[in-house]
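Each of the next two complexes has subunit A plus one other chain: subunit B in the first, subunit C in the second.
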Partner chain A sequence: MVGLSLGEKHFIQGGIAQDLRCDGRKRLTYRPIYVETGVIPQANGSARVRMGATDVIASVKAELGKPNPFQPDKGKVSIFVDCSPTAAPTFEGRGGEELSTELSAALHRCLLGGKSGAGAGIDLSSLVVVEGKICWDLYIDGLVVSSDGNLLDALGAAIKAALSNTGIPRVSVAASAPGDDEPEVDISDEEFLQFDTSGVPVIVTLTKVGKHYIVDATTEEESQMSSAVSISINRQGHICGLTKRGGAGVDPSIILDMISVAKHVSEQLLNQLDSEIAAAEAVNEES
Partner chain B sequence: MKTEPHMAEMKAVEWASAIVGDLKLGKVVWLCDSMNTVNTVTSKEELCVWDTFLEATIIRGRFEANPWTMQWINRDQNYLVDAFPKFTLKNNFTFLKFDVRRDVISPCVKNFLQSFKPSFIEMEYVSPEGLRLDGRRPMEMRQIRGEIGALAKADGSAVFEMGNTKVIAAVYGPREVQNRSQQMNEQALVRCEYSMANFSTGDRMRKPKGDRRSTEISLVIRQAMEACILTHLMPRSQIDIFVQVLQADGGIRSACINAATLALADAGIPMRDLVTSCSAGYLNSTALLDLNYVEDSAGGPDVTVGYLPKLDKVTLLQMDAKLPLDIFENVMQLATEGCKAVANYIREILLENTKQLESRRGV
Partner chain C sequence: MAGKAGATPTTYAPSPTTQKTKSLVFKNDDVDWVRPDKRGFQQCRPAFFRTGAVNAASGSAYAEFGNTKVIVSVFGPRESKKAMMYSDVGRLNCNVSYTTFATPIRGQGSDHKEFSSMLHKSLEGAIILETFPKTTVDVFALILESGGSDLPVVISCASVALADAGIMMYDLVASVSVSCIGKNLIIDPILEEESCQDGSLMITCMPSRYEVTQLTVTGEWSAPKISEGVQLCLDACSKLAKIMRSCLKESASSLEE
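Then we have the complex of A and B:
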């Protein structure tokens, strides 16, 4: 819990009303984003994203599994988020569990779409090895190392970066086993397939403080929020998912307004993120 | 031209087939771990690989001309390809047949081999040249790296790496005691929580929080740190140490303690000395410093020592497995030497950090 005095609260609220926040940003400006990829060598793909004092790591691990019998032509993706107590002492023990579950559910909604797999940021059918028998299970793990607000956006960005860093081993299936229940497979440890991550959306969280809303809120600013809307938007400008948090009600017209603002902000964020990811990957390839 | 892996594989088979052809061995069973190659060679259909067309045609010709067969072998069982010929030669077998099937082969063949000569497939952790699996000498430590102030929000924080093991530690406090019933009037309350990230191990972990192992490691770290913190200077307050493992490759306890020491120093908490830790083991009749995961899981003894370098005192000592007393002395001595080396390094980092703080202040 953030302990703020009455004066500090007024300062934050007043600053937001005047479009000049405590760290000198405007209402719709993000903190600088730093992306590092390939930080976890034992994962198939990983990335670390820092926005101010917020620091998150996302990793992607792929395992061979069986597809869901109702969707034989699709792979499976699951997202787990863990809040490390290093981020805040309140996450100690089971303290971080509630927030972790909330974040994983929101990410699931924003990145993976509905149960049918429609609207997912990742092409799930590209994960199938043998239809109905073998597919890749992607385990996406997020870890909050340090928390200074706006965790959802940072995690979304980290997952996007980790996915573009992910290489799935090429699998060849034995030619001699038609109609076999468990076909023999050979997992290559030299050849990897890259994902097409251009469809993965970014998440923009608009936090409403007083009459105005801001992007990329810090912990102090988040403590003053009445409600927050997280919108995930892809390259085409389509909304892929939406979550509203916080107790206070919001006028429907304001929500629509927020969505159009988020769409505008997401374009800049996507461009910035893409160039950061490309730069990080270039550094990786050099070393 | 860029050489793709499967092209290299085909080229290798082609060269091998030329050698085997010259030897005129008669019946030969080929084991290959690339399914692509096996499919190309054994298939009776017309060739449709263009980048390796030449190699494939030559290999197929040789396979047709000789009584050879080719089978695919799982990459995990690759060592068998090496082990079997040696085994047959050693025992004067002339023929040995086994069914190459995943999951069946590993235990049954292992047992079979062990029934003849138990030491045959024992791993070699130190090569005859005196080098370990990762190329280190027995008394060599992995590369260590420490970084202070990795987290902006914590009062003190540090990252510590020992080879591929990477640990991040955060210290909060001294601050008011959260749970009043735990408050102590004479000294500070030191608490520690250890957690492992889902992605820290090779295989993904499913339920990392609050198991017995992490509770035990939390306790070990807490006790080691409590021994060096001047708790009596901060009565009625609480110090939290949180350790998060990002990558696990053996020596986790040691890395955690070293990271916690750095983080405590960064938080400016008064300490008697810097606790440092290092582990050592004993494999293939050699004492080895700073075991990595493979060496650690070999089942040999693993001695972890926590050491106060200035006071010359041991605060933590753990060992599993059994060891003769005189060898234990050597191993523990080695681990203590490791601790001293770590202490020197930590001191350097702290000095560097203090110099930076000084220059920022403009002194």
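Then we have the complex of A and C:
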């Protein structure tokens, strides 16, 4: 954990109360975001996102699989997050495992929507090749390379960037007798289908320190939090998922206020992220 | 035990005052839709709690909400493991698991990591951890039968078990979830409803302090809908806490006799 003296703690809390944080930011300002796409050639799509000293990598791999018998018209997506002990010694063993499960569950909740698939950032029905028989399984892996707070927002942004970088090979199905359980498929090496990522939400985490809340908290600031709420919001301003961290109780009206603040912040973040992703993709195509 | 729950129908459905929004919610195409167990959209299942389900534990509780049946036992406070670092506040250790026969398809019966961490996060804000330094309290929850809204039932039951064990708490923790299906908000969903829901919202709160300890939302929601769902859950939570409190009072008075 972060070892802070009493003076440092007061300095952080006082700064947040006066809307001037240790690194000169205001309460609702993000650190500069750097996006790099296509960092892992073996994956179908990948991206690296840096926000200050927080550094994460997300990769998307697609494999052909069989759809769930209960949902024959949908593909499958699974999200895993790995907190490597190289990022922080506390990530070794159980500490890292707990954080990984928490982050994976939060990302799952924020990106994949309800059980019926409504509100999902990724359109699962677009992953189906042959209904009930073949679909794409998307494996989204996040890796925390270096941690300086606000991991969830960074991972959310990295996954969004990785998905817009993802190309899924076009699959042609050979005509076969109906009832054939395993139709023959031909995976094209040249033609790739791009993902529509306009529906993928961004995650905004508001960390409550004292009476105020801040976005994009650093590790030092996070150590002073009483609670934090992560809200994922899409282009339309709809809330796609929400998770609360920290055990301290919060008044319901404060949570509703946090949601409206997050909505406001998300618009700027979405625009910034989209332009960063577009710039990164342009660099990729040039090289 | 099911018979007893039926004999004293202790429901905690939100009061009619919140139902003024009902007309709004129902203004859509699927008005005629009926819930599988014939409940109203904003009517909860009867809740049944009983303390002292496990003799060996320092506190335990059994809860039954319709088909959802859970048992929670609390051990401790007992000495933290030697490997743990010194801590001047107590530790809370939570574990949620399903029995192999809890789900329609035979499960693995393994630990549910996500539920365990959710249970921990919902309870830790309510427990006065300063009262048992250097020690650990273990909360073990077992879902005997999964019938929908499993996690809210586990959380409510765990807080009754903690109270039964005499662990100091600021307030009881009550938890309720709503599902969003189409345009309707459905409180306390059962398994069938959960499997076709568009979104869900779960709140755990301390009703007397009017504080939310945990809140999760999945699926797509607009801001007004979230606040409607939150209000619905909070109202149900405060009623559920009354049922939990009366169960604790009952067990306490039967001890005196």
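Here is the rule we use: the second predicted complex is superposed on the first by the 281 of 287 C-alpha atoms of A that agree within 3 Å, B and C clash if a C-alpha of one lies under 4 Å from a C-alpha of the other, contacts with A are read in each partner's own complex, and residues count from 1 in each chain.
The criterion applied here is as follows: a residue touches a chain if its C-beta (ideal position, glycine included) is under 8 Å from a C-beta of that chain, and two chains touch if they have at least 3 such contacts.
The structure presented is a predicted model; accordingly, all values stated were derived computationally and were not measured.
Engineer: Tell me which partner A:G249 touches in the superposition: subunit B (first), subunit C (second), both or neither.
Structural biologist: In the superposition, A:G249 touches subunit C alone.
Engineer: Is A:L143 contacted by the first partner subunit B, the second partner subunit C, both or neither?
Structural biologist: first
Engineer: Which partner does A:E131 contact after superposing on A: first (subunit B), second (subunit C), both, neither?
Structural biologist: A:E131: touches no partner chain.
Engineer: Name the contact category of A:P41: first (subunit B only), second (subunit C only), both, or neither.
Structural biologist: first
Engineer: Which of the two partners, first being subunit B and second being subunit C, lies in contact with A:E191: first, second, both, or neither?
Structural biologist: Only subunit B; A:E191 stays clear of subunit C.
Engineer: Kindly classify A:E267 by the partners it touches after superposition: subunit B alone (first), subunit C alone (second), both, or neither?
Structural biologist: neither
Engineer: Where does A:D23 make contact in the superposed view: on subunit B (first), on subunit C (second), on both, or on neither?
Structural biologist: Neither: A:D23 stays clear of subunit B and subunit C.
Engineer: Which bits of subunit B are touching subunit A when the two form their complex?
Structural biologist: Contact set of subunit B toward subunit A: 4-6, 33-36, 39, 43, 72, 74-75, 102, 151-154, 157, 164, 168-170, 172, 178, 193, 195, 197-199, 201-202, 204, 208-210, 240, 242-244, 246-247.
Engineer: Which part of subunit C faces subunit A closely enough to touch in the complex?
Structural biologist: 113-114, 117, 120-126, 180, 194-200, 205-206, 209-223, 226-227, 230, 234
Engineer: Over in the complex, which subunit A residues touch subunit B? Could you list them?
Structural biologist: 40-43, 46, 52-53, 55, 57, 59, 61, 63, 80, 82, 84-89, 92-94, 139, 141, 143, 145-148, 172-175, 184-191
Engineer: What does subunit A use to touch subunit C in their complex?
Structural biologist: Its residues touching subunit C are 70, 98, 101-102, 105, 109, 112-116, 118-119, 229, 234, 237-252, 255-256, 259-260, 263.
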